[in-house]
Amino acid sequence: MAGSKFSYVRNFELPDPLLPDTYIVFRLDGHSFHRFSDVHGFVKPNDKRALELMDQAALKLMEEYRDIVLAFGESDEYSFLLRRSASLYNRRETKIVTTLTSFFTSSYVFMWHKYFPDTPLQYPPSFDGRIVLYPREQHIRDYFSWRQADTHINNLYNTVFWALVQQGGLTTTDAHGTLRGTVSKQKHEILFTRFQINYNEVDERYRKGSVIVREEVRPTSSRASIDAVTGENAEESTVPDRLQPKKKKSKDKAPTQMTLLHCDIIKDDFWIARPEILAG
Amino acid sequence: MAGSKFSYVRNFELPDPLLPDTYIVFRLDGHSFHRFSDVHGFVKPNDKRALELMDQAALKLMEEYRDIVLAFGESDEYSFLLRRSASLYNRRETKIVTTLTSFFTSSYVFMWHKYFPDTPLQYPPSFDGRIVLYPREQHIRDYFSWRQADTHINNLYNTVFWALVQQGGLTTTDAHGTLRGTVSKQKHEILFTRFQINYNEVDERYRKGSVIVREEVRPTSSRASIDAVTGENAEESTVPDRLQPKKKKSKDKAPTQMTLLHCDIIKDDFWIARPEILAG
Amino acid sequence: MAGSKFSYVRNFELPDPLLPDTYIVFRLDGHSFHRFSDVHGFVKPNDKRALELMDQAALKLMEEYRDIVLAFGESDEYSFLLRRSASLYNRRETKIVTTLTSFFTSSYVFMWHKYFPDTPLQYPPSFDGRIVLYPREQHIRDYFSWRQADTHINNLYNTVFWALVQQGGLTTTDAHGTLRGTVSKQKHEILFTRFQINYNEVDERYRKGSVIVREEVRPTSSRASIDAVTGENAEESTVPDRLQPKKKKSKDKAPTQMTLLHCDIIKDDFWIARPEILAG
Amino acid sequence: MAGSKFSYVRNFELPDPLLPDTYIVFRLDGHSFHRFSDVHGFVKPNDKRALELMDQAALKLMEEYRDIVLAFGESDEYSFLLRRSASLYNRRETKIVTTLTSFFTSSYVFMWHKYFPDTPLQYPPSFDGRIVLYPREQHIRDYFSWRQADTHINNLYNTVFWALVQQGGLTTTDAHGTLRGTVSKQKHEILFTRFQINYNEVDERYRKGSVIVREEVRPTSSRASIDAVTGENAEESTVPDRLQPKKKKSKDKAPTQMTLLHCDIIKDDFWIARPEILAG
């Protein structure tokens, strides 16, 4: 073959299998999204359209990759948990991390116009991705607690900060100055006394971030009431896992659907109600 | 801090620096592009729009990442050479490979409508990416020779195959049967005697693939004549490296521009004329 | 400094930390020990002196490295379990695996003359080492079961094989032929009917391999009866963990001692009695 | 098979091939040799017996592993260069680094009594090992320059330091104080004016370290004169590479021998005279 004398260069591709039977967390972060959000006029402190677009891209990814059993998103980042028994791409790290990053990015751009019909994309946004392995259930609990605690801290700060700027008329410098050194309780007070905002009544989407769970579809969905409790409109947020003919393997697996929630995942309740997430 | 008791989970992120002073080849491949090209009606054996879109996404990537000094594309794959001294993201492998994959993907979807104005994207396409390190100049020469030899082999086969099907009226099964066991010379003969096609007159874009070089912009461009020779329309294919204000570092570097070629990169001429590609 | 212009070469040393909070199994294997055992006249099927030397080198290693909580040896191999919380050498893989391999090798050669007083070492023996990470308790149970099952299979085979050769007068070729295709039960029968050997009465050292556990030293050793049950002579096999003044860290840790056993580690009993092994 | 249900644990052993066609440097360092040299009464600043033992262990290693083409040793460390085309153990990193570390350690203990006939080994010494990859010739030149520059700096310091203590009667604290902030020239002066020692006449072994080269054995050794120049006693230092019957592969390779030198390897001369070292 003509190319055979060159094909030795393939030997420089080294294997990179992930440790078996270990939880795989895949996290995406927006690349230079500070600039991206400015250029595209994102509303502060939270742009609902932008967050919904992130959620929809995450849902698309979970539709496509059944090994993902849980996702959590806030701002311009999203974390995905793959079952510890996942054998996707023979657990080749780079193959997994690049394919998932690419598909998420593609979905984000593909669906942009639905969420920003009046704001054309100015340039192609990008994300970086990473994979972190966790050996034990507790690590996964703590990983997702870490992200949700981060959401809380950031959102509280941003909510007060932008209230000071947008309603209080402060410069951004002065707003940062006002908040320097304040603890959580003081931020709540500023919000309430100056702006009559009870932080606990702020939309859970912003306070809790986005949680997507994959659940088996049961004849009569016993989850409906729970969805109602979380204030989620099931029609919009539930994306059925279409049985696509190209995927033969999934034929004999139980059909699943994804549900988008904005609930606490730090306390035990969420996990006790869904033992299958950490089961393997 | 609220999240501090969970933040130990960050320690599970392990470092992955690439070996210093080693050539970095980054290659992208379309994920399930056989299906993607069918769904979007790509012309066989080569869809010029699809190839141009790939080229433009590659050019965008090179505009954004100055460490890329050479690229080669064919079909749904693209290879990029980063200077061996590149310090992009401190040479963190996953950061580099995911960010570049994401940006290329994003550009591809972002510019789709320009190349397929009458063919709406049906679903988000994706790519996988990988990084391969090469220690020596000869490996890089051989790597790119390997890809261009592959282009030649595939394109010759596909050109005869689709001539047999589209002009010869054969079924795809019969066309494969006709070609089984044939060597290069026989394929040339079938093309010429049955279809009056001189393979050497087929568009170089298809026979050679796409080559993108980064070159310093000189007061009077001495490359203009060479571009003319390669039959490239400079207005379309040359994308100036805009000096973007956000990038302070590049301010003091000489401005560069990318040139798209469809030329031989197996023989020495290409490399002798461009010693800077392998210089470091 | 004179060497400073060269010291950039240090940057090529890449980090290799092991995943945190994961069990570390370190396994050593004799390098070309078939030849080594021939040259030094090891008794077949089992040379007690050689096995005891392996055990003593393993004990030395455990004395030196407190993170090792369990070891299992058979023939010319030894496996060591490090606590999953071990922070030895900041969990740098190569540092750990080379240092432990070196120290074991050194101890083996250092103590050779005690176990082979009449057989001078002809040339320096060597071992290879490897580290395997396991995320969960069950993996560790299964890893050690795998090694002990291997001990059983090899020892039964070797016991019958050498009885056929040494007592039955067969050539080694004929002995292999006789055993080809036989199952465990048939091997037991050959041993019993031809050589009046009840395999279950063969020394447990050979049938079970060597197990070394690290245990806290308690005022009155409650383990004495158990040791008696396992037929172990505590005076010989227990090596006290000397409180070496150079090791400041271990000062405030409870003193431990190692106990050598030849007992079953596949069933639950061993592990139920020693929950601290897998505790962390 | 009895062990089959456990054997899945083997899948946790991950591949670790080294990048092909890249220089492999293997470096050993004594573990806690400060204490080891005290306990065994090493002469200060340099113990010739200890250095010769290191050299002999290095020579043994090179006899055993033909892929090693160059070695450099100083104090309790030794570096070995493996040809960039080496395929030893399929370039599996851990296999190579542990086997070489083990064999060196074993040789060191095995030959101890020859160099320290009156000093019994008190406890087993150990070494750590590491592998560093270098893509280019210049890196190898700089790596070995780095080590030899280090030898020079350390030996000059130690020579003055111990002269101050042993001949000058200073405490070690005072000796360190005297040397603090001095440059090379000042150290030379202290040596010469206070102790009548011309540093340039100190044994090259101490000033240059140990260099071992592998050379093909030619009918009439043209290297004899060069060896004489380096002041090396060929009878003692040259260890013929015995053609061992067990190694079939090496049968058709030219026989080689190792030569121990104490010469400059920073300047070009050494390398110009031995182009085969970096040839591949």
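Labels A, B, C and D are assigned to the chains in the order they are written; within every chain, residues are numbered from 1.
Keep in mind that, in the parts below, a residue touches a chain if its C-beta (ideal position, glycine included) is under 8 Å from a C-beta of that chain, and two chains touch if they have at least 3 such contacts.
What you are looking at is a predicted structure, and each value in this text was computed from that prediction instead of being measured.
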A-C or A-B - the one linked by more C-beta pairs in contact: A-B
Option reproducing the contacts of B-D, where over half of them reappear, out of A-C, C-D or B-C: A-C
Where chain A and chain B are represented by their mean Cα positions, the distance between them in whole Å: 31
Intercentroid distance (Cα basis), chain D paired with chain A, Å: 53
Distance from chain C to chain A - Cα centre to Cα centre, in angstrom: 47
Touching two or more other chains - residue numbers and ranges from chain A: 12, 19, 21, 133, 139
Touch list for chain B against partner chain A, complex: 1-3, 6-10, 12-13, 31, 35, 60, 93-95, 97-99, 101-103, 105-110, 121, 123-134, 139, 142-143, 145-146, 149-150, 152-153, 184, 246
In the complex, chain A residues that touch chain C: 19, 21-22, 84, 133, 135-136, 139
Complex contacts: residues of chain B adjacent to chain C: 11-12, 14-15, 17, 19-21
